[in-house]
């Protein structure tokens, strides 16, 4: 039963260290979430309980992986951006993606009832994950812009689609037909003229998705101790800097977000 | 907000198709499970609730990924073996490992209370995953032998260690000291002379770990229908072949297991 | 001028060890060899000088890389098969392919004049290389069959094409036209009826390509030494086993080649 | 003899596209060049014939691969830097490294006699190659600095070593002994006090290595044609911009080289 005789099989493991000095993006996606959303009666086009749970799980993952400098989520997907210099898991791709996707998944089930108090979780969901490297800041920003533009395009479509179905009385197929070949301007017009909706007034959460970043806050704790001189009990405030995850629904395609927060892309 | 301008970033994704005609092994491991076991008051050296939950989650994963021909688990790890020819996820490594580890993790939380009715889950656990390829049947069998030999070695050690602590009154450090440098034969002798235990009579579950394989069973269902001639209601038994996951605690190092089940390694 | 400050850049090198226990095939191909063949007045459809030089260079590469068990060449390409267990260059893919392609290229120029005594080499040629892994013997044999079938198909086509041009008086375009959509049987028939050629009597070299394998020969050397007793000079024959590269033009698709030489695929 | 039945083996080829938007460095190294240099009576510590041939071959490779923006050589190694955006061979690593190393090798043999008119090439040399990616300009510059610092350190050592042997009458072992543990300052001092040599006056070629870059030159050709009006023959000068490879022996560690030539690192 000597282990040594079999241990040669370890040599078959591949080294999968990621190229240094690149932004590491880990994106996870729900597997079969159309079906999952239907089974759990998600509100269309956006379910704030589901989106809230996604954001909460992503924040948990960030709290565990401190080298994530930003996360961006929309629909059933979330992207986590590690700082260029991270040495988390020695930059081993498999370790990074499996640990993160695993923690996210178990958080999703663990915290489900907080966000869905009236809807039981019917079966365990699954997410897939992948890692992509981006060598330059511009590449990284373009990646994030790609995801946010995707959010916009999908949400505009879905907003129209569900208005047509829920209020316009169309079947799913009719709504699809109605929207085929339309441009953004057509969809904006349709929402305004048929349903009195100005798309730009829709919640930013739905239009822009969710951004998680770190925020340094002063955490004040009160220490109680005895004065050495008077033996009286005194209170002392201790202020500590602490990083907390902050949730934003804002544009990350333009310059403003980045010029306001130079520390995100800065070498740390 | 045109997506197309940013879509070039997709080209940065790497193709990670696994070499065809190799056995694909996906092994997952609990992250920080020493701490997790302590926090949840796992019985030492083996907690049947924890091991039962691991086996149940692994079976769920197999039911989802039908091309897994065998899974082997011990302690907080599980290995899944895909048949050589599988085209699951087009053999993309990232997809395979993240989907499986994600499903396993969410199952673990989802089914926790079935196995731990009296112990609340305190925080969401995480597992890592990795994929290793084995070109030949012998390599694959040696991999599985490596894991089962590891199970044996650890369990013999842990059985001694916890006997010394729980019944022998030693501290953890003293027990460690006592076992340092001992061979298997010494540990067998210690168990027998000091605690009257014949290690070979310990449960196979603990000594051999858990093996999941497919078993074809006849599933009998009764169909009720009206006879065309007599208009009487008649019952008809319908027998269907169905594959079910079977749990074994048995030796997979020797020849017997494999000669008894040639279909596992056979080309399918 | 301290080197150490810059040495971190070595970490950007990727580890590229090939999966153990797989057949390693390194195939090289001439770059732009249509043009090269024209510029150097190669005989069509087959130039024995060029093919001879290719074979000679391949044999030189084998003599240098003793773990190559077989090489197969046709036209301007050559495939080298390393035994499964080779540890040459620690199985590093880059090292293997660059060293071999480099040696082949410099041999090609170095030995040119031996094969082309009347044709000057006009410019330095280049070859590309790639490595492919094959997990099973069958996969390897199918690879080699693929290359030999390719040789057959091309040579049958080229034999027809050049007959039509050289003896049939057709232009290149007319010959192409004539052969478009024809099957092997049509081409055999064309050669026979129009040019009185039985394709199966064409040289095996052209129809089958070239196979290089190792052959163990007895090398006899004569040592001259003085007899200790008589002080006379005596001659002693010393027989040593030596491996030499052997060139064959034979079928490697069928069973016979392999059953006659079990040592090629055998574990060594 | 159908090829199609075997063609599945192509699926075993791995895709090896290099990450976009990174500097691609291909470095080649002579294999066994100590022995090669001895066999061909290279002058020590630097042989201008050998270095000249290396530079000439590198320039040939650059002429063929126009996307190389800079090459750096010293001793028996050469590094080629492709611009970040190159799509040469679709950025396939194997294609890039094998084609370049192959062309370099065949150039080396082809042009040997130009640089070694009195020394026959005794056997075909070989070079290995590897590819490394650098995501940022700084990483690339640090890579080149690493190689140039290496050139300096080796050349200072070799200059001392061969002075001690050639003029100081020491054996190789004694010279090694003499230099063990010495710093750069010690070696500079040794050269000055024992041999009257100011190291900084040694040729830059040896101290700095060789840098190849592109230079745009005006190429003037004279076209002769008949005037339409007078029917006289007239000459017209045509000036065309042409890129030529330029050889420098200069410092590339400091800022000056790069600020003087911003186009090298600029996005093209």
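Order of writing sets the labels: A, B, C and D. Residues in every chain begin at 1.
Everything that follows uses one rule, which is that a contact is a pair of C-beta atoms (placed from the backbone, for glycine too) under 8 Å apart; a residue touches a chain by one contact, two chains touch by 3 or more.
Composition by chain, UniProt nomenclature: A, B, C, D = tRNA(His) guanylyltransferase.
Remember, predicted model here, so these are calculated numbers, not experimental data.
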Of B-C and C-D, pair with higher C-beta contact tally: C-D
Farthest chain (mean CA position) relative to chain C: A
Inter-chain centre distance, chain C versus chain D - centres from mean C-alpha coordinates, in Å: 31
Cα-centroid distance, chain A relative to chain C, in whole angstrom: 54
Where chain B and chain C are represented by their mean Cα positions, the distance between them in whole Å: 47
Per-residue multi-chain contacts in chain A, two or more chains: 12, 14, 19-21, 133, 139
Residue ranges of chain D touching chain B (in the complex, touch as defined): 11-12, 14-15, 17, 19-21
Footprint of chain C on chain B - complex, ascending: 19-22, 133, 135-136, 139
Residues on chain D engaged by chain C in the complex (per definition of touch): 1-3, 6-10, 12-14, 28, 31, 60, 64, 93-95, 97-99, 101-111, 121, 123-134, 139, 142-143, 145-146, 149-150, 152-153, 184, 253
